[in-house]
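In the two complexes that follow, chain A is the common piece, with chain B as its partner first and chain C second.
Right after this comes the complex of A and B.
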């Protein structure tokens, strides 16, 4: 096996740009058009809306920075943003810790029934989002599965009320929701690692732990970061879980945005908050791209 | 080739069978935006058959959601369920048209109190809102769990009835045992009443301060804010909270009895008084032609004897045509007994909802209070 740098130029192959050939250029047009319609245009419209202002029951066309200034003036909004950040960070970290062993064992240790296990882990995605959230209410509630079991076993006399309607419940449920999104890229990254690399590490005297630390973990970092990024973005913008399970102190930025659109009819302020959230997600995406990319090819 | 033929044939069959469903009904279309319960199949289906029309129903959970949806697309709906407190707002936003009540043959059957009350008088001599029922905000308590702890907050009002003070909402002994509906108008107005304000829909600066102080204490004591009937029922039956302020009282009474847990719960009116919404229909400005005719017929049906009887049975709130009183279930008669009485005889002070002095400020005030929690 040789690394890319060691290969002679004629084996590297000529690197071609996406638009080198007219045919590639033409084939890219529908994709660009599609991206423009479903992703870029809504973002631009949201950005424009964030600079407009609510006047009575109408929205003025005059562009202003007032919505952004209002957000900065309200310390509670900044605090909620930081709380959202913290909960999203906890949930995505927990999702990584929960998904990594699953992805590792299914992709590398299990031979038979691998696809069945893969499907079982992503099966929750086929169930309604709201149903999955309500299920957690049934698990964590005063008369829920955990409390009922502990009480039946005589371990507690009163239900543990800290399990539900607080930030803990939000973080746990967000973790659960994020697991399939973390698992898929991790599984893909782990599955792609050539067996010869691991064999080579073993031949050179590395034990299982050292092989994992020095070979497997570095090679699955792109999958790890992609999973983390997906979990973080999903968690950061969520408003249904905090609303359903967060209690009085579980409000996240998504809830404020929802309130501005759904209750206050202040779409410009809601759009400004939404754009802030979008910008944070975009920065995270850029950072992950920068640190998560691994260039090069492996030749056997 | 064979596959292509089968595909084309299937496509033709789908189109052929879809044509009758897509064809517009002779009688036209009526598009309704309403709270759950105001477009029940038991009267919508017969209505569609009688007038050979199609009724499209969109549900909304809160008054704010109704307004936002209507404002975003007023042409999409013909009639909207609307409470007394929002008529002015719809009028100011240019969303509704006057209703020609002379075309409603059942209109004279509406109780005098509702016909004459100035709650919806936004333009002299014109009606923009036709009431169908009314209701209040009050308490449901899991008395099986709370028991005697409630005693210091109860007052006898005769006839074996008791009312419950709002003080229970901020009592430290009930910390994390109370809930309330997550809607700014309701919570700000009720906490204003609790703070001793007698004009809860027209707050001065000083009133705002008193209301915020009171509501902040309530909010801190709450375990969760409810989002409507389902979440309220889940919290109560799951015993995640024991005391709830609710506007779904009659529906909850029926549901809890049906579930076999009714005896654990008791409904109480608030001692200090409460707010009263009068729900009814408004007609959107763009509605005309067949849709306008259907809108008037639908409204007329709902204020008639049969419509009001069904409404009393299915929803359970106070009706506006006494002829429908036979529809109330035993659960409503026993538990939310005040709905079977005339609204004039309501046992505690009742404040009919009108548009607040600044609805947006109320929304943001409530949002600010919530945003300060949990730190």
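Right after this comes the complex of A and C.
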């Protein structure tokens, strides 16, 4: 036993990866080539574009930092950036809170019809994005579902105007759009938890609440993080929802980028804004990857 | 609720558990004494694990009652029973270190880490896991994982420890050494062990008493000696150890404790262990291979002429198969005793004592374990 104790874990039966053999590098080349074409090249092109500058109706080839400086100088850009951040944070948090009980009950409590319920939650993904957004306008609008119901009940006389064309409407709709993306990784993480661990917790004196806090919740953190990350990135970059439901006060970074490539015809500035958004997403991905590595413990 | 006078620590009364259309546990009655090493033995799917889970409270019986130390716990949930389980695949929490795994049951009892520390250290020492406190389950070997599971189940000092095939996943040598470790723990701490296994050797060597199960039914409860030498049913006889089975008809019942069975026109004198047998009944005759002598020196009541059809060297002994008519009888002969000049095809005499032969009604044949 003593000699076992001294052996560091990583020295014991080190696993050989696919890339350990020199010949396996050759197998990797097509994948790297593919990634280069479809992902890395566009990003580099965008990065280069962000350092160029709009001169009249032309784009100069001289590389400068002026676009980034302009963004930092203009308070409205920073304000909208922070607002996008805030709305994305609220939407993804709400999506987590809405999805967790769903995922928990469907994966662990329901035995029959589990797959049907799973499909029902995923079903909105098959419906056009735009249709779902317009549907929310119909729910939140002056003559929408909420207002007409409340008016019919006599609770209000005038339609509530704070429901639509503001940040609230944007956050609610982004939450709705994100739910399936949060639900899927959460459901998978919860379903993978071995029943035996839950039996063990009960056997060792944990009631349902303590089992949840001490065993189930920590074991689904990787799924939770993945879901949060997906919802956050989807929400942060969206421009259709703020355009349709946000009004002037609900504008997000995506809208500005969209207008730079459209009406304003300032591609370099749009690229710079786009690159900032990309960097934020990359940082969030890196952070979740770091915490998500706990996954290795359960599925060794 | 507690009846102090009950001498049974664990009692199952007419417990039945049905899953959909299979009866997992069929009207089981088990009584276990305090400090006893009690095994539930049977092939996979016989209901032994379900029985264990019913005692743990992880499964609710459809009928019957469960008593722990005289108190009815049938409706008491698992987390409020003073029993702990070592699970088959150990069920070690992968997100906690070895130390935190062992702390878990104490944490659930709201015992502070400071207060729990000496208890955790003590139990880790007991299972020889000192120095592994900070490891995670993915960083320890199978045998060590087994000991983490044992430590975690023992730290609460339960009155009854339930073990569900605790050594099933370990290789042979490790299993034998862990058997010793577990047996020592059981003796030193004087805890009741209820041990589920499909390994008859494990059950026989470790247990004080064994319940042999098949298809949800308990076939026999007894000491290893009783189970081995006086199997109650043909299933027990076939499941435990090696056994020769011959089919025949009851030819005569010379006295109350002997029967004469005709097998291929040869009469075999047997012990009358089944008093319900009557003349001309079809029966199964069972003899342990080690009780069969080849060319016996002493005079035996049953001696049959046969032909050697196979000789297998097994290290410390030989397995000799002898054939008469269509019947085959295996015999285990000690290395030193065996006449090495004997060859396949030689004619020999095989014999055994009537006391070593049991008879079972032929209807029991369908329950027997058939290894093809």
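Convention: the second predicted complex is superposed on the first by the 276 of 300 C-alpha atoms of A that agree within 3 Å, B and C clash if a C-alpha of one lies under 4 Å from a C-alpha of the other, contacts with A are read in each partner's own complex, and residues count from 1 in each chain.
Quick note on the criterion: a residue touches a chain if its C-beta (ideal position, glycine included) is under 8 Å from a C-beta of that chain, and two chains touch if they have at least 3 such contacts.
These figures come from a predicted structure and were not determined experimentally.
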State whether A:218 touches chain B only (first), chain C only (second), both chains, or neither. second
A:266 contacts which: chain B (first), chain C (second), both, neither? first
State whether chain B or chain C is in contact with more residues of chain A in the superposed arrangement. B
Going by the contact rule set out at the top, does A:244 touch chain B (first), chain C (second), both, or neither? first
Where does A:158 make contact in the superposed view: on chain B (first), on chain C (second), on both, or on neither? neither
After superposition on the shared chain, which partner residues are touched by A:202: those of chain B (first), chain C (second), both, or neither? second
So in the complex, the part of chain C that touches chain A is made up of which residues? 53, 56-58, 77-80, 83-85, 87-89, 91-95, 104-105, 107-109, 128, 131-132, 135-139, 141, 152-153, 156
Within the complex, chain A is touched by chain B residues 62, 64-65, 67-68, 71, 89, 92-93, 176, 184, 219-220, 222-225, 227, 231, 234, 238-240, 360, 363-364, 367-368, 370-375
Quick one: in the complex, what on chain A touches chain B? 54, 56-57, 74, 76-77, 79-80, 83, 134, 137-138, 141-144, 159, 161, 164-167, 243-244, 247-251, 256, 259, 261-266
Give every residue of chain A touching chain C within the complex, in rising order. 1, 4-5, 9, 194, 196-197, 199-207, 210, 214-215, 218-219, 294, 296-298, 300
